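Listed next: structures, encoded as structure tokens.
Each of the two complexes below includes chain A, the first together with chain B, the second together with chain C.
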Partner chain A sequence: MTANSISTVRNGQKVDLANLPLVAFGDFRDAIVSAVKAGARLSALFGVALQEADVQGRHAAPGLGDLRLFAVLAQEAEGMLAVTSTRVGDTYPALTPDCPQAHWFEREIAEQWGVKPEGHPWLKPIRFHHSYRKGRDAWNRPVEIPIQPGVTNFFTMTGDEVHEVAVGPVHAGIIEPGHFRFQCHGEKVYHLEISLGYQHRGVERALIGGPGKRTISYMETLAGDTTIGHTLTYCEAVEALADCRVPARAQALRAIALELERLANHTGDLGALANDIGYLPTASYCGRIRGDFLNLTALICGNRFGRGLIRPGGVLFDLDEARQKQLEERLAEAHKDVTNAVELLWDTSSVRARFENAGPVSREMAVELGLVGVVARASGLGHDVRSQFPSGIYRFAQIPVSSYHTGSVFARAYVRWMEIQRSIAFVFDQLKALPDGPVRSEIGTLAANSAVVSLTEGWRGEICHVALTDAHGRFAHYKIVDPSFHNWMGLALALRNQQISDFPLCNKSFNLSYCGHDL
Partner chain B sequence: MINTLLARAQQKHRTIGFPKLPPVLPDRLRGRPAIDAAKCPAGCRICADACPTDAITLGEKGPRLDLGCCLFCPECERACPEGAIRFTTEHRLAASRREELVLGEKEFQLARALDEKTRRIFGRSLKLRQVSAGGCNGCESDVNVLNTVVFDLGRFGVQFVASPRHADGLLITGPVTQNMELALRKTYEAVPSPKLVIAVGACAISGGPYAGHPEQRNGADRVVPVDLYIPGCPPHPITILDGLLRILGRIE
Partner chain C sequence: MNALSFIPLLLALILSPLLFGVINRTKALFAGRRGQPLLQTYYDLWKLLRKGAVYSRTTTWIFRAGPMVGLAAAWVAATLVPLGNFPALIAFPADFLLFAGLLGLMRFFTVVAALDTGSSFEGMGASREVFFSALTEPALFVVLATLARQTGQLSLSTMFEPVSGADWLHGGPVLALVIIALMIVLLAENARIPVDDPNTHLELTMIHEVMVLDHSGPDFAFILYAAALKLWMLGALVLSMVLPSSGGNPWLSLALVSGGMFGLAVVIGVIESVMARLRLLVVPQLLIGAGAVATVALILTLR
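The block that comes next holds the complex of A and B.
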């Protein structure tokens, strides 16, 4: 990587768009491929269509295309983010053959902009919508024919007694829609292909030209179970763009809310894992204790998911003394109950027998696919935004990274349990030393022609937002990468050589978001 | 084994007394908004301008608030300098007809029980198929908790089933994305008649924050007929339970 083909920024650092490298495609590709080989991880790779004026304007040069590609690489060892960009036309040589982490991103680019990454081994739509640029389609589909979700050339297997199982979009439980195709021989799964897009509701496109009065509602509903995570990531992005300093008390309250969100979801997941193997005591206790954590968030702001709590500049609700005391007491109760409920899992040999060795993801595979969050940490990796790219109060109050090495359902369950304990300790620490002062500061207008990358460790993993502003300080583009975007392929590969009856268990151990992926 | 039994003792009995006892709700819950139009200065439209989904319009008698569009966010309450609009902790929000969700002109009309004949069929056993059709998974989560020991939905004879063929009706969440429209129609057709449809959450009622996006249909009743509307973003589980028990005639 050469110094001028890439620039390094901090999490939440505003940069002038003009200072971001715009390099020839070959240099862009080489920079990404070599950085990933050296241990960086692709956090985001996305396209932004250039306006006619830009194509003709100061960057005009023969042979340059009208789509600008941006890449954000997480360099965990340095705690810095590397950013670069290039321009492409209707086709370009795909990065995926040399950098598998890019595979889902390049499918997204192809679908959104009608650009073909040539040599991509698995080029299919991921959300099933028409291209953002009318008349340009990577698969040459006509504009006038509606696109049917889940209609694509699925991977198939042939042979004696080989059979295919198709599930969804409407599932048996109360869960979001997705389509799953299993290629099986007997009980054994040889391949699982996951086809999403049913929850696609056009959020990214609606964000352009913002922030507007609906922007915060979009952020709170990107993935409803990650309301705090996504809203916090957004607020830190716009606060950077507006040079807004968030009061210390607000930063602490935000982190408390983020950890309560993690506690509720991890507890719910452990209960759901117990349910999927028919171990009902923990299933029923954790189902209830999850609600106890959600109710703590509601104690702070009135909503169990934290809607209305986080706003640019700070938070809208403060804790008075009595409320803080109640929060501490109820958290201590929930701590006792969750410890009791979850330790049953580790003490029960039939539970361990079902968790251990199920749905393995090796460390190498996790690196190659660029997995994030609990899933990555359960495969022995140390990725955790709170530790490597801390923002807000996490710069001052560290949480140890919880990881385990086996990559199995057990590891993903156990990492959740370790994180539950550490999050509870963190929330108690924060409550003990809650800074005084206001909980919100005024936020001004956003800087024009600027960019910012904002990362947060949501309960599923790394949440990445990239905001680019235009000459008026409005969003020219707003990119959202939910952790699920990285991890869905991990689930598909974890199922290989597993029993199809273990799918619910493996699926729950990932517990990925459909709406956060589909946007 | 002994550990399992000891744990059972520690975890206690947790099922709430609702509906016999009043529900325990957070004191900051944003439930049904109350509008005091007498406080509104002439021509003021600050609340309407602050509302992200344009749930508030200004009529002759002052602001009208459509609970079907409302995200129960704090914006209008914060914006109003007169204190004319405020959220109460009133959790009862369900209505039988779409137009009955509009506050500000008439007395709010809560959902009515199904007619005698339908109640004879469903009153003691109602099986529902849930369809998630877009949205954010918030409503799904708070519908799901009705199955926990806290709410214990089964004690009312209501149960979520795995197939529309086994169901008496659908509970729909999400604005109905273009990509889910066909699946929703097919699921509806697969439910044997007579059947009920329940729309839960702002998305399923009006499109919610996505209202107007070309990628979705602005709510379930544009695609299938709806018998019960439960507003919220997401509605509190008690609000959902209240709505279900109301149409079954278990709460009056």
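The block that comes next holds the complex of A and C.
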């Protein structure tokens, strides 16, 4: 590993593509494996196909491939991001055996570009689409035959009393499609394999050549429940590329919206957790209170999910004094209600008996898998973009990191409750000291041949967007990593040695996004 | 046999679906909602009866027989159950064996019909049902043996006669233990919280519901109605031990039993509102506990 095989950037810092390290594969691999061993976390690992001109032109070198791999590592201790890249051809030695965090990313790379990470322990498609490069497929599937999601090999167990349970993709509740395959012995789950991809829409490919009129709508609908989170991450990326300074008032309003989104979803999750164990009072009250929080977002911008609020350069809606006052009053009311409803959970022994010890994720496992967000914090980790890689108003207004140590369903529920309280306090603080001034500034054209990594702590966890621009300042590539992408594997492992009847409860305690993963 | 002896059967046939309405209304009250109409189960039954049924190609006659045998068994069992001051339509020594056998027949056909679908969900539900009923049935039999010993009677109608203040004075502890055990049996047999959750949509957590997922139309109406009857019958047994004697006044008796049954439904609704479901692995502990409580009662009668 050479000293310049990695370059360090801040969250939302524009860098010249030419200045990003492009190193030999061995150095790339060593740099990632050693950085992860030293405590860094793989935020993104993705491939970008090089243009024909690049392959033959100035980067031409024998033995180098035509796919450029980028890696973004989050170094929490330093509060900095490490970026590196390399080039690979049709195959390369997989990172996964030495760095399990790369597991899902390498499957994605193999599927998207038709390259084979050799030695990958479980190389399967994750979204079930044809390779982006026609005729190149990691599994040598013919181009003319359509690919059916979920049609693949699954891990199986054999034995007289072993049974397999397949759940989904169509579920009993009103949720998104996903397929779950359990290997059980009686009630005990030995292995769970999760197969997604039913919601793959091709968002990342559609963003190339942007930003255009549709781009913002793609961002707002990447994952319907994380509208604010993804839109904010996108806007901060674009603003960095265009050297746009967002007015302070807009930054505060964005943070308020982000926390309201967190409040609505965490409250809904606690209600859903209560519902899954048949605990009626909290289930019904939280269902209503979630609506109260959504309505506060609607009070700001007219849409309960915050669509149309955040735009590059600022926000489209200002908060006048009357509505600000109303927001404070209604938030205080909702605070009281949510406290009453949620404290019932902790006071009821039958609820605690269900939550405690269910679906544990150890701290070591969370580190190894690179889990993020509520799930990571419930396993005793301190990951929180708002405190380690702050952007916007979070650089000035800190929010304490809420974590718990048991890694169980209880921990994930309790972390949500702590975050609800801290988010409410944060929103009150922001409303009290709302800066004056405009809420939007002009945004110019994006810098050409540049790159930016933008991170935001959405309600599920770290949202990572990486934008690369071409010579005309258009997106040459736009990479999106939803927190669910990191965490689905955590759910699969949390189920090991648990009862199959506890799966819905564990699943709800993770509450991951299907469309955010499938893109 | 006189006209009065038809009353327990008629009340069971007509009013049993109302129990679900009362339970749901109680739960809605706790949840701060208005809740579904009291008569919703009747509307559901009527709706289902007018629908067609869908049968999977993988099922056989067993699947179709399940709901019919279940309902028929429930009807016959309902003739054996006394209600408060009203003795059952049919009563003979050791009729409780027939009663327990009919409940077992209902369960057996529900289970084999579930297995007949070949669905992994239904298989799981069937396995749980059989395991748990293997623990509730002994509890029920020990309860019945205790009452047989206590009353010196061998027919449900005489074993479950209304108890007086004197009975409580003499055998209070036994009665209390028997009521506790019977109440747990009632909750478990009728798939109520804390054993099962009748409202859940999550197949992986279900016990009873998951076994009947593939039944539709009139078949499902039969299952729903049989479930209502089963809740009514076990409720009637619990009730008969708590209700005081009406001194032979039939109108007072009628008021007592109807009020009592719906009071019991409210109690079930309250239980379901204030506690979460048990983990599936803990359920056997509760059921064995019911058997233990009943055994203590039996030992007390043997002094």
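Everything below uses one rule, namely that the second predicted complex is superposed on the first by the 517 of 519 C-alpha atoms of A that agree within 3 Å, B and C clash if a C-alpha of one lies under 4 Å from a C-alpha of the other, contacts with A are read in each partner's own complex, and residues count from 1 in each chain.
The rule is short, and it goes like this: a residue touches a chain if its C-beta (ideal position, glycine included) is under 8 Å from a C-beta of that chain, and two chains touch if they have at least 3 such contacts.
As the structure is a computational prediction, the values presented were derived from the model and not from experiment.
**Q** With the two complexes superposed on chain A, say which partner A:Ala448 touches: chain B (first), chain C (second), both, or neither.
**A** neither
**Q** Contact-wise, after the overlay, does A:Met365 reach chain B, chain C, both or neither (first, second, both, neither)?
**A** A:Met365 contacts neither chain B nor chain C.
**Q** Quick check for you: in the superposed arrangement, does A:Ser284 touch first (chain B), second (chain C), both or neither?
**A** Both: A:Ser284 reaches chain B and chain C.
**Q** Between chain B (first) and chain C (second), which, if any, makes contact with A:Asp276: first, second, both or neither?
**A** second
**Q** Where does A:His129 make contact in the superposed view: on chain B (first), on chain C (second), on both, or on neither?
**A** first
**Q** Considering only the touch criterion stated at the top, classify A:Pro177 as touching first (chain B), second (chain C), both, or neither.
**A** In the superposition, A:Pro177 touches chain B alone.
**Q** Which partner chains sit in contact with A:Ser350 here, chain B, chain C, both or neither? Use first/second/both/neither.
**A** second
**Q** Go through the superposed model and pick first if A:Leu431 touches only chain B, second if only chain C, both, or neither.
**A** After superposing on A, A:Leu431 lies clear of both chain B and chain C.
**Q** For A:Met418, using the defined touch cut-off, is the partner it touches chain B, chain C, both, or neither? Pick first, second, both or neither.
**A** Touch partners of A:Met418: none, neither chain B nor chain C.
**Q** Using the superposition described at the top, determine whether chain B or chain C touches more residues of chain A.
**A** B
**Q** In the superposed arrangement, what residues of chain A touch both chain B and chain C?
**A** The overlap between the chain B and chain C interfaces on chain A comprises residues 172-173, 281, 284-285, 288, 348.
**Q** Name, in rising order, each residue of chain B that touches chain A in their complex.
**A** Counting only chain B, the residues touching chain A are 3-4, 7-8, 10-11, 14, 26, 28-30, 49-53, 71-75, 78, 87, 129-145, 147-150, 160, 162-164, 174-175, 177-180, 182-183, 187, 208-210, 213-216, 233-234, 236.
**Q** Which chain A residues qualify as touching chain C in the complex?
**A** Per the touch definition, chain A meets chain C at residues 163-167, 172-173, 186-187, 274, 276-281, 283-285, 288, 348, 350-351, 353-354, 358, 499-504.
**Q** Any idea which chain C residues touch chain A in the complex?
**A** On the chain C side, the touching residues are 27, 30-33, 120-121, 123-124, 127, 193-194, 197, 199-205, 272-282.
**Q** Going by the contact rule at the top, pick out the chain A residues touching chain B in the complex.
**A** For chain A paired with chain B, touching residues are 127-129, 146, 148-149, 169-170, 172-177, 197-203, 206, 213-214, 216-218, 220-225, 227, 281, 284-285, 287-288, 290-291, 295, 298-305, 307-308, 316-317, 336-337, 340-341, 344, 347-348, 513-515.
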